[in-house]
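Two complexes, one shared chain (subunit A), two partners (subunit B, subunit C).
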Partner chain A sequence: MSNFSLSSKSAQNVAVMLPKGYINDMGAVSLERTSEQLLGAGMSTLIVNFSDVQFINSFGVSIFSGMVQKTLEHNSVLYFTNMKKVHRDVFEMMGLIKHVKVFADEEEALKFLKRKRKYVE
Partner chain B sequence: MSNRKLDLKRLMFSMASLVDLGQEATSSKDLSAKMKAALYVITGMFSVPTAALFVYRPQRHDIELLVDKGHREKALQGTAMPIRAEQIKDLRANYPHSTRDLAKSSFFLQNRDILTKLQTKIVLPLFVKGEFVGALTLGRKLGGAAFRQGEKEVLRVIAHQMAITLHNARLFLELAQRAAENKRLYTSMQRIYHETIQAFAAAIDAKDDYTKNHSYRVASYAVAIAKELGWKKKDVEGIYIAGLLHDIGKIIIDVKVIQKGATLSASERTEIRRHPQISFDILSKIKFPWKNVEKFVLHHHERLDGNGYPDSLKDSELSDGVKILALVDAFDAMTSDRPYREKLSLGVAFREVMRCKGTQFDEKITHTFFNLLSKEISGEVKELQILPHLQNMDMSSFKAIASDSSM
Partner chain C sequence: MLFKTLQEKDFVGREHELSSLYTRIIGAHSEKAENAVLSGPRGIGKTELLKQLFGILFWKQDGIAPFYYAVNPALLSAEAFSRSYLIAFLCHRLAFETKDQSLLYFDGMSLDGVSALVEDRGADWAREILEQYRQCSRDPYSALRVALTAPNRSAQTTRIPVAVLIDDFHLTKGLHIDGASDPRLASLFEEPMSFRKTPHVITGNTAEVQEMPVASGLKRISVEPLGPAGVSSNILTLFHAYDAKGNVPPLLLRHLGGNPFYVRCVVRSACAKDKPVEKDFWNAYIQEIMEGTLSRYWSAALKRAIPDLGLRRAALATAHKIYHTREPLSCQRIATSFSLTDNQAEAIAQALYLAGYVRGEFGVFRAMEDAVLRDIIDCFYSVEILAKPSHDLEREFLERLLPMREDAVHYDITLPMNKEAELVAAQCLEQIGKNLDIDQDIIGQLKIAVIEGCINAIEHSKGAENKIYVSVASERDRLEISIESSGQEFIVQETGEPFGDRGISKAPGRGWGLKLMKRYADDVRFEKTLRGVKTVLIKNLRKTADVKKEDKAGHE
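== the complex of A and B ==
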């Protein structure tokens, strides 16, 4: 049985996803599928909060590669928050970090987004 | 992080991923599920968002899409790329191939549309001991960086692993197909076998109008008792066959003796009593898949008190199978018209069997048979095995006598 679960919330074209557990098998594919659905529903920003993620392997990297690709295709942006160093190192090594913005926590990401929107307006 | 340290980390990550790949490839999932999982591991190793795995179909000279990742799945369903022997030969050297390297190859030119649709940057042919089994295509890396030499080496290892998995799956599938075909043939042969035996039984019974369907009824009654006693399926089949063939020896007994209406002379009795031994002699030449068929047949005229034939065996020497056949053969003879008398009523036949219980017929077998018949008459059991053969017989006399008996 997969040791993975996912919850998400969204408001004003921003979706926050909270994966929990191990991102290391097909059980975690719901993360990629959910992000596609959210992008399809018009979300311009996806925030992934890593605080409850315990383990990421190549399987997980594949899922996040897919998410990056789909986000780019939708002209949306992907933010990562609450990352442990070990996870950040994996993403850096695999060249994923260049395609996302990393924040210390969700609040910081949302503040950044607010400032960005104000600037655009 | 220094380049050396980064390379070391990448190497460690690749090794861990190869272990993950091995676990996915040898998992108990079905082929598509395990290959899909393997695609995730592979694409994760190189940060490639898209990939596809094709399986070679030698009869069709093409490779068919088995699983993919990162594409709109429905649009790719049923995708296949033609590939000829010389194109496979071209792919064998120096793989993995970038699409840039392949740009002028006939394989690429022929399948350019599909490869472009798949966003292919790398084509990895899959071989097991020189045999082509499929191909893996990978899209461009996130950020567009080229595959490094070390990564190409890892891809070759991956290709080997995926090829073995595909090859084993194909062998397994072939075995499963062969097993299914063998099973179909076996069922068909079994049906022919049964039909042949039934034809023999019909031939035996046809020798005498009075014994028409006798073997079939004996077989059916015997099966009913055997099932009620909890016999295994194969043993039930055995007694069914013994029931059908128990009188096969009558085929060479003079038809005048068989059809004689009056009392038999001593020599005629001797003649007719030869039939169990003749049946045995005929059947013992056949290697039946069921145990004891010929022995059941040989002794179906034995009695518990030792006054039967051909071997005058006694109770303890008689198997349940013999005791079943002895009872149902006699019961059917009683409840059928004979040249020398009309059939007995069910009640009279029941009383006659009960009278001979302990001397001619076994008590357990007798009770099992009549209990089952009672249950069929009263509607306690749904599957009727005896009653359908006793049509036009008065059940009321049996019910009255059976309820009064100590059965």
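== the complex of A and C ==
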């Protein structure tokens, strides 16, 4: 049995992905694939909620760079939420945080998005 | 190799020193070689380093002839010394020409024997030196001068520089003519040391060599204690030699302070059993400091420095006081404490310094940073001054060392190399952290490091055993996690760090594992072990707690 699972939900061009367990290479590939599908379906914002992520490894984190790239290619944005301090530190160390906005939780990310849309509209 | 020495493959942890010495000697080709004195505490491995240097110079190059001489305390009359020195030099020099190892066994060879050898080889340069020596052999002073400058004469004639490696150099202080020591005799080394074609590397009792005028201008090369990887490899070699297996307790290893002589004595003693366990190593240590080789070694050093029994007793009490007083002691304070005259106190302190028992700094004396010596002094003091029975002493030492052990908590986890086995190690660490009340932020960081360490172990394991051995040891303010697996060595010898498998390093994210381990542990080491390779992660918990406190104070 795998130590990784992924669920997602979407509304109004915003998709939230909820990885759970251990983000290693397999887990990250699964995340990347799902994000591609969501971007393909026209989602303009992807949110990865890390609240149920227990462990990560360097393989897993590195695969996120592909997800960042794909999001940019689709002119979409990628947000991370509910990150543990140490996980955020790993992403920072591997140079991925500068391309992603990080929020304390999903609600904060959505509020930001709402304000942004209002401003843009 | 002629001398009783370690095989090159077993001489580990000193690669840097050896290569630096080699480079220094090789400079003799361009007359850039410099003389040097190897310094370091007793047992640290200066002699072995010199012997290994000889081995490399003898076998691995042809441009510089090495000459090794260990000063023999029984041959200190100028006449006997010069003869022995000259015979040794000629034998080594001729041996080097043909790489004839048998010639290095010059013990017992007479001057006539060497003459015959020289004739046999048709070595005119050596014949001339021998002739000159014979002409002045009635004048010990001149004969000594001829012997000491023989390497340079050979270098001038043959154009092959000579590296002169002298062990126990401090004994040359005792050179004498007709029984009367003459400091001028040792000073005769100044002349051969001034030649650019004959770099001298000397060693011996550091304190005594330092006090000799002839050594004062020499570049001092400090031989440091072995690092953890060097100690670990030394132990492996010893286990192989004694056909034993075991794990030396990390706390005991730290107590031995990276001194290869101490490590060798304790491991050898513990290997009386085939499979020594932790208790056996501690018992071996206690036996060693009470009546083993270590005890006899330090006792002999004290007896040599202070032959007078009464004075030696006072010296022991002085050493004990120095080791149990926080601040350094002056001679005046020693004199007052033990009702000695100033001269007596000065003589005792000086003798302790020369014996390597204490450090002397600007008129004051302080303890050496040597936990083993401290234990031995305590042991001598208890037996000789306090007249304690040995079984009481053994119990006392066990009681003193056991609390150190009881502070330690040790977990051993064996994992099969199954998919995501690293998570089991990380989860165990989380629980261990809770049990030991370790800050969860620290545990979170260490979990990342452990996951990377385990992945590394799985990637590089090519051995028959499909297992990873994880051990977590907490001692006082230190957490040590080791991850061991069978398989090939993956450490680059020069850097002490792992190399990446070519295929693996191309995979995304590879190369970050080591960086993450280094970020979250205060120290990361890689060691060769009986099983294969071990990655050791060390976290200093006190330091982290202090930083947290400072952070908190800063916020307030």
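Please note the rule applied: the second predicted complex is superposed on the first by the 117 of 121 C-alpha atoms of A that agree within 3 Å, B and C clash if a C-alpha of one lies under 4 Å from a C-alpha of the other, contacts with A are read in each partner's own complex, and residues count from 1 in each chain.
Here, contacts are C-beta pairs under 8 Å (C-beta built on N, C-alpha and C of every residue); 3 or more make two chains touch, one makes a residue touch a chain.
Treat the numbers as computed from the prediction; the structure is a model and nothing was measured.
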> In the superposed arrangement, which partner chain does A:3 touch: subunit B (first), subunit C (second), both, or neither?
Replying inline: second
>> Quick check on the superposed pair: does A:102 touch subunit B, subunit C, both, or neither? Answer first, second, both or neither.
In response: neither
>> So in the superposed three-chain picture, is A:22 touching just subunit B, just subunit C, both, or none of them (first/second/both/neither)?
In response: second
>> Taking the superposition on A as described, I'd like to know which of subunit B and subunit C A:69 touches: first, second, both or neither.
In response: first
>> For A:61 in the superposed arrangement: first (subunit B), second (subunit C), both or neither?
In response: both
>> So in the superposed three-chain picture, is A:90 touching just subunit B, just subunit C, both, or none of them (first/second/both/neither)?
In response: both
> Of the two partner chains, subunit B (first) and subunit C (second), which one does A:110 touch, if any: first, second, both, or neither?
Replying inline: neither
> Touching subunit B and also subunit C: which subunit A residues?
Replying inline: 24-25, 57-63, 65, 89-90, 93-94
> What residues of subunit B sit close enough to touch subunit A in their complex?
Replying inline: 1, 6, 9-10, 13, 16-17, 20, 33, 36-37, 39-45, 47-50, 69-70, 141-143, 145
> Which positions of subunit A touch subunit B when the two form their complex?
Replying inline: 24-26, 29, 57-63, 65-66, 68-69, 89-90, 92-96, 98-99
> What residues on subunit A touch subunit C, complex-wise?
Replying inline: 3, 22, 24-25, 55-63, 65, 84-86, 89-90, 93-94
> Touching subunit A in the complex: which residues of subunit C?
Replying inline: 420, 422-423, 426, 441, 444-445, 447-448, 451-452, 455, 507-510, 512-513, 515-516, 519-520
